[in-house]
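Structures incoming, each one as structure tokens.
Presented sequentially are two complexes of chain A, the first with chain B as partner and the second with chain C.
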Partner chain A sequence: MDERDWDLWGPLVLCLMLGILLSVNAPPSQSLAVFTSVVVIISLGSLVVTVQAKLLGGRVSFFQGLCVLGYCVAPLNIAALVSTFVHLIYVRAPIAIAAWAWCVWASVNFLDGTKIEQQRILLAVYPLLLFYFTLAWMIIVQ
Partner chain B sequence: MSDSVSTPLLDTIEPDDVDVPAPLSGRIPTTPRTPVVLNPGARPAQEPAASAPADAEAGIAGIFRQSAHPVALFFLYIFRIAAIAVYLLCGFFTSNYVLSTVVVVVLLAMDFWNTRNVAGRTLVGLRYWNQVDDDGESYWVFESRDPAHPSNPVDSKMFWVALYSFPFLWLALLIVSILKLSASFIPIVALALVFNITNAVGFTYADRDAKQRWANQLAGSGWGLGMGGIGGQLLAGAVKNSVGRVFR
Partner chain C sequence: MAYVSIESDDRMEEGPEGLQFQSFLGTDARAASNPTAAGGSSGFETEGAARKSSGFWTVEYYQPYFDVDTKTVLRRCYSTLIPTSRNYLSTHLTPAADLYGPFWTLTTLIFSLFVFSSLASSITAYLSDPAASSPTDPIEYDFSLLSIAVGIVYAYGLGVPVLLWLGLRYLGVGEWSVIEAVAVWGYGQFVWIPVAVLCVIPVPLVRWILCGIAFLISGFFLVANVYPILAAAEAKGVRLIIVILVLIHAGIALCFKVLFFSYYVKQIGIKDPIDAPIPAEPIASLATRFFDM
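On to the complex of A and B.
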């Protein structure tokens, strides 16, 4: 994918899929709340991380950032799919952690391309870690 | 400045922005590169007919008969109405709210795509999109159809009605859901508002930009093509800066 072309359809589909996967396994009284919170977390989270990357001086367009961060949720989708079928915590936890690591690695690569100064790169990476960890946690504990 | 009245003053005007990116002027189509959907032969014949029986033919069938693109108009309205209808009526048909949420979101997405790519292009001849240049700066590009082929007035009126009325409907639903229903529905209404308002604002800017550009080209054609180009660059630069500030 050419880095400069952005589209938000992919992130929308991935976000909806993650929401559906997590809400299917939730108790029925909570399923809508789980779905809504996943959607809200992904949208607000990508927004906040993108805004922060811009504020730290990164050369990234607003929509480009949203697009890449949305696509980077894909490994967590795989982990959620596995967690839907496998209920052993010993299988879910490592897979979710591996997916989280993959997400973070992919989005850090993207941040490297935005030319933030070296001292500040950790400031930009930290919220990414938190953002994806929140989603991974929701997958592990469902 | 010039002393004599005979010398046009504009000879001394130079463009403000010398670093306006060239692709913007290159993208303004002087020849319509819209697909075969446009048939210039059919439209002029329809326009005189559209104004006369317009008073006599009221009603939806009349509108469709007068439209040059009834299919596009139909789909534009059907997606928008379906999204709102499913949102309002989902409680009566299924207790699975996640399913209805997903259906509403999918309908909203289809409506957004359809409005932006199909309806805008065929009904009023406008397009807009966002591009990112090498610096990571994003800017908006607007394209419009050559005004030598104007759009069908019925099409145009119905398009703008659809474009502006639905954001207000969703805004009303947002207020209702804040006051009455549970907070779970607010993100969906917010998403609907984002989609609809994006289209409304985007097409409004595209329309304004198109009118300015064509008015300037008409005015500038008397002084040669070069002026039109510079005027077009000025306007494109002005629109780019102003819209760029709105959309970051």
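On to the complex of A and C.
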């Protein structure tokens, strides 16, 4: 993706879709809270991870970081879709973990391109792990 | 060898932009690969200039506080577990303290408290009544626990050191920066993360022992590193602040134990004297089942 060619439509659609999928399956009293927390987690999480990568010396533009991290949520959407129809935890958990691994792999590829030094790359990746794992956890336990 | 005497007032006013030993070995490599990095600390003057020229709302202002490598952060984390790190500030937090470690340690702590507490409650629910729950039941978790965790951990890990630093500055004591204070508190809570993982074990005595160990290790770390700062004051009364800090720390340890590590449905061993505030299933019938097994 070109450095200047970012858009936030994709991340917005993916975020809303994930929020809707998770809140539809939640108990009615909690569905609004679940939707709110998904949107908040995705927006705040992308923000924090992007700022963290910049602080560690990565050469990433702010909105491009938000854009890529938003698009990388796509595999978790697939896992949420599967979890909507399958309620067996022995199916949900491996699929969610696989989707989590896919998300992390995709965003690490992005981070590698931001020229963070090799000895710091794990510091930049770790917030990503936490961020996507939070979402994957919400998918598993819904 | 002539030493220039430095006024204590001047030293107190110096933050991270003051005289500090800067290692240029890493920065040279960085400068070679990142010639146009904005605010990159490729030298002492550049760092000072970058800090002066950018406002506190820019990313470059905070970049000096994230000038660490993975190895450094990990070393700072696990050296808090060793009870002999009295001079943590001078041996490990050189040349400057960082904000990455404390912030992410606290965030990981929130995360692990919440996740493992939910896991513990579902495990105990499953263990005590395997017939009722099935693999298709979702794990029930309490969102309010998450907000409580966020509030407590950030207030203690970030608020207390900042307040302490402000108080000490007001009293004219303490030659440490607020970043070092936050770093001591943030890294000091690292021991609670493995304890949170281990507290999934549903035996009350084990959980109390684990929490006690965590309290002692992190408490010792805090006291050993904060007391020298307090002892440098002229007024002897400042040293009593350490007692208040220990009491606050004990309160936090108790909060963690009661709020997050108290899910018992089946009693194994000695009964826990403090019950969970969030109601669990009735234990009367389950206790008889346990003794009949």
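As a convention for this text, the second predicted complex is superposed on the first by the 138 of 142 C-alpha atoms of A that agree within 3 Å, B and C clash if a C-alpha of one lies under 4 Å from a C-alpha of the other, contacts with A are read in each partner's own complex, and residues count from 1 in each chain.
Just so it is clear, contacts are C-beta pairs under 8 Å (C-beta built on N, C-alpha and C of every residue); 3 or more make two chains touch, one makes a residue touch a chain.
What you see is a predicted model; the values in this text were computed from it and never measured.
After superposition onto chain A, the partners chain B and chain C occupy separate space and fit alongside each other. Contact with neither chain B nor chain C is seen for A:Ala101 once the two complexes are overlaid on the shared chain. In the superposition on chain A, A:Ile20 makes contact with chain B only, while chain C stays out of contact range.
Look at A:Arg59: by the touch rule set out above, it reaches both chain B and chain C.
The three-chain arrangement built by superposing both structures on chain A places chain B and chain C 110° apart around the Cα centre of chain A, to the nearest 10. Legend: residue contacts after superposition of the two complexes on their common chain; A:Ala33 is shown touching both chain B and chain C. In the superposed model, A:Trp6 makes contact with chain B only, not with chain C. Of the two partner chains placed around the shared chain by superposition, chain C is the only one that A:Arg120 touches, whereas chain B remains out of contact. Closest CA pair between chain B and chain C after superposition: 7 Å apart. Residues 33, 59 of chain A are contacted both by chain B in one complex and by chain C in the other.
Every residue of chain C that touches chain A in the complex is listed here, in rising order: 29-30, 33-34, 37, 40, 59, 62-63, 65-66, 68-71, 73, 100, 104, 107-108, 111, 115, 118, 135-136, 138-139, 141, 143. Interface residues of chain A facing chain B in the complex, by the touch rule stated above, are 4-6, 9, 12, 16, 19-20, 23-24, 31-33, 35-36, 39-40, 43, 58-64, 114. Note for the complex: chain B touches chain A at residues 97-98, 101-102, 105, 109, 130-133, 135-138, 184, 187, 247-248. Across the complex, chain C is touched by residues 30, 33, 37, 51-52, 54-57, 59, 87-90, 115, 117, 119-123, 126-127, 130, 134, 137, 140-142 of chain A.
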